[in-house]
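Shown next, in structure tokens, is the structure this report addresses.
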């Protein structure tokens, strides 16, 4: 019974969301507000069980007092609610921004820059493909030059670079289209073969 | 002090992350992991601000009887049910939280996600037009890869999959690499501006 | 406003309707486009086909709701193949959402093939911990899963009685959508315990596993809905994957058609406006 | 039969002795009589794992000659050569390496490995002495340190020059040139400006970049007296955005026009957020939509809905997978690096512009490296790329 009720709730909400494609309407508004509420509640409970309990409450109870620091930073964040001392929340914010900057500085330099440069410079110019690859990377980089006007030779190279970028965009677009349809097929499959058969008239569709 | 302290904290936190990368010796070796845990705790605290903001805005809507205030009841009910059941009764299979998650959150999420199929169609109808050379390249690469990846393409011409693969592996790879290297330099420069306190708009004011 | 203009500014809801029909109709009335089987899927099929009846295989469901349209059809095809060959699957999941999908797939296939729980297959349920669980399985299945998904001790399940650890299963199959997934299984089950590993993953992530295939660390791989459709071709059962492929092919064709129409009207419009300019 | 076995054993031993110049294991001779059912593993060596935080030793060996019949290898560890060795782990046949993570730094250990087949155990000679230690620098990452130093110095050098008042030229970026017009359009139409800073949290550099750009946009919105609406997906982004917008409104001389309720939280959930923003778009019909920051699959859902209500859309992200969708559906797209240049471009502050110049020099260096590497590689002179490898 719970399963059939669940299938009906799921199916109706699915249809409510699809109705947005026609135009904004009360059904979509209902689903949208329910979705925002339910998902915010979901993440709230998720954070409680998967972050606060294992990463703050448990360690503190076991006497790892280093964990007082994030607790204090968290409380600083909440100080925003008290206008007079609200400025202290910036300390917590400064910590997060600093941490994020340091982390991304390193990871991007390694995985995006050095790894890609390394992969490109180990190519031998013994095939058309490799020559094209190297030209594509170099001209693509020229497109991103900010401090030189794109004129003359530089302009021509930048133009070639943007062509490579456009082919890349078109190709990735075409590549992902397939996976996007799988998702829609999955939803349609749920509606046709799992939900409709709960209505006696359509029982024959069940698979 | 009020103005300087945040800049110093930013610098120290960033510098600690960088040191943790280069120095395996403790306590530096596990710095990245520790600071990341701290961040998650702060983000969890901040969640109270976010959810509080949501509750405040929608209860104000109800109080003021603003247009569509009825939906605010729906939102608050969903939020309260999910958060309260989740925290008091647990989130394992068999709980109310799990039932709501499986029959409300999951189907709405995947339906929202599946809307992409429609939007991909309308976007390509509009955008894939050979207005100029750039748009034409986008169009041609897109169509060739699209056709090369389904059985239909294979039926039309058996080499279509090879063409699609070539586009993915040569011009696409070149373009992506240029983008990735550019992004890395942008990130490095932005991070340095933040760590050195040159970009500080996020901290100004009293 | 001429005809070309009207087509160009077409209400996008008409496009949405056509897309929806392009998906729904092939689902209801499968067309059956021929499907080319790629070598990696055939390898996986052959690996299972070569097992003697009565062999046991470990099947891990490591995916969630957002990727289920791509991966669920693969699990149906593989379970069918196992049951028909008399191979006994032992099901488990390292993602909490994986088990509900496994149960649904079992419900369908068990009924079709007339199999019995405990005799022909077992479901150990979900266990959190990823790599730690994989390592524990290497020592003993009972250590990782003291009871099955329904609370029965493993020693009371006939099919599990002769299974101690990886040594007693022929192959590990992983339905993988991320981490923990295929890379971790290769590292532990294949690398540490020498078990062949095969599986299925999303279309987008398939290319990153090609090196493992080339190195022989993966015995075979299904990528996306297309992989599922290819496996269905091999076991001669048309189902979700094939139906999905029909829908996908039609939807692709529809999009390409839209692009062609869009361009045709665009050039038609430009041509007519140029001509008008000439006469005025 | 017995004679045959003895002959065979002797033959085996001779083969072993002649094949290996390494110290012979005394066990082999002990095992001649009776017939050796299992050969021990050989050449056991143990070394400290380099570039780590200590606490780990890597043991390696050559597999036993009777590997196909062996059930397992057991790894033994002792602190004295003549003392007790205890089993610390066991691995499958065919394996020739084991990483022991149960050691204390600075303590000396000896290792041995034995092949096990049923009840029979055949042990190798012990390894040489080994002790683990933690390193103060990960040498695998030297190239990263150099790269980091070079780029930091470049960026700082150009910032320093800008401070000295050296004029810097910056080319036109059309997506950013359009910002003024886009906000002006909202004034003319009497509609709002919607700013979406992506779905990631404040620890993501793209979100930080986006929030800084929000500051510049908010200042213009305040000057033009336009309603600015910022729904966000993370609580920390909400608080930061509120601060920045408030500050920008004061800087524009309109602190009274600032309303914190215009910057509000929806939900942490990716598609829940997309559903909420779509609702806002169709009901509010903003004149202009900014989509700047880290986006995933929701990118096209938002961009298509924004287009359908007739908004001018300026998008930008450093997520390579989402760029094609923005390029296809939006009026202007900031591609990758351009997103990070936006704050400098919009502010026109010399110090920030200086850092852009530093970025350009970075690109030039990389281009030079690629060119040189490819030429040297093609001519077969040297493989430069291996100097860049980091782990």
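Letters are used for the chains, namely A, B, C and D, taken in the order the chains are written, and counting of residues starts over at 1 for each.
Convention: a contact is a pair of C-beta atoms (placed from the backbone, for glycine too) under 8 Å apart; a residue touches a chain by one contact, two chains touch by 3 or more.
This one's a predicted model, so the numbers in the text were calculated from it and none came from an experiment.
The minimal number of chain-to-chain contact steps leading from chain C to chain D is 1. The interface holding more C-beta pairs in contact, when A-C is weighed against B-D, is B-D. Farthest chain from chain D (centres taken as the mean of C-alpha atoms): C. Look at where the CA atoms of chain B average out and do the same for chain C: the two points lie 25 Å apart.
Inter-chain spacing, taken between the CA centroids of chain B and chain D, is 16 Å.
Per-chain CA centroids place chain A at a distance of 3 Å from chain B. Multi-chain contact residues of chain D (touching two or more other chains) are listed as 144, 148, 151, 203, 205, 208, 236, 239-240, 243, 265-269, 271-272, 275, 320, 323, 325, 327-328, 335-338, 341, 356, 359, 363, 366. Counting partner chains per residue, chain C shows two or more touched chains at residues 12, 16, 19-20, 23, 66, 68, 226, 248, 251-252, 255. In chain A, 17, 20-21, 29, 31-32, 35-40, 42-43, 77, 80, 90, 93, 96-97, 99-101, 103-106, 108-109, 113, 117, 119-120, 134, 137-138, 141, 144, 165-166, 168-170, 172-173, 175-178, 181, 183-184, 186-187 are the positions where the chain touches two or more neighbouring chains simultaneously. The touch graph of the protein chains shown is complete.
Chain contact summary for the complex, chain C toward chain A: residues 13, 16, 19-20, 23-24, 27-28, 66, 68-70, 72, 108, 202-204, 224-226, 239-240, 244, 247-248, 251-252, 255. Contacts from chain A toward chain C in the complex involve residues 21-22, 175-179, 181-189, 192, 207.
Here chain C touches chain B in the complex through residues 10, 12, 15-16, 18-20, 23, 33-36, 65-66, 68, 96, 100, 226, 245, 248-249, 251-256, 258-259, 261-263, 266-267, going by the rule given at the top.
Per the touch definition, chain A reaches chain B in the complex via residues 2, 5-7, 9-11, 13-14, 17-18, 20-21, 29-49, 51-52, 55-56, 66-67, 69-71, 73-75, 77-78, 80-81, 87, 90-106, 108-109, 112-113, 116-117, 119-120, 129, 132-141, 143-144, 161-178, 180-181, 183-184, 186-187, 190. Listing the residues of chain D that touch chain B in their complex gives 51-54, 134-138, 141, 144-145, 148, 151-152, 155-156, 159, 201, 203, 205, 208-209, 211-212, 215, 234-236, 238-240, 243-244, 246-247, 250, 261, 264-272, 274-275, 297-298, 300-301, 303-304, 307, 318, 320, 323, 325, 327-329, 335-341, 343, 351-352, 355-356, 358-359, 362-363, 366.
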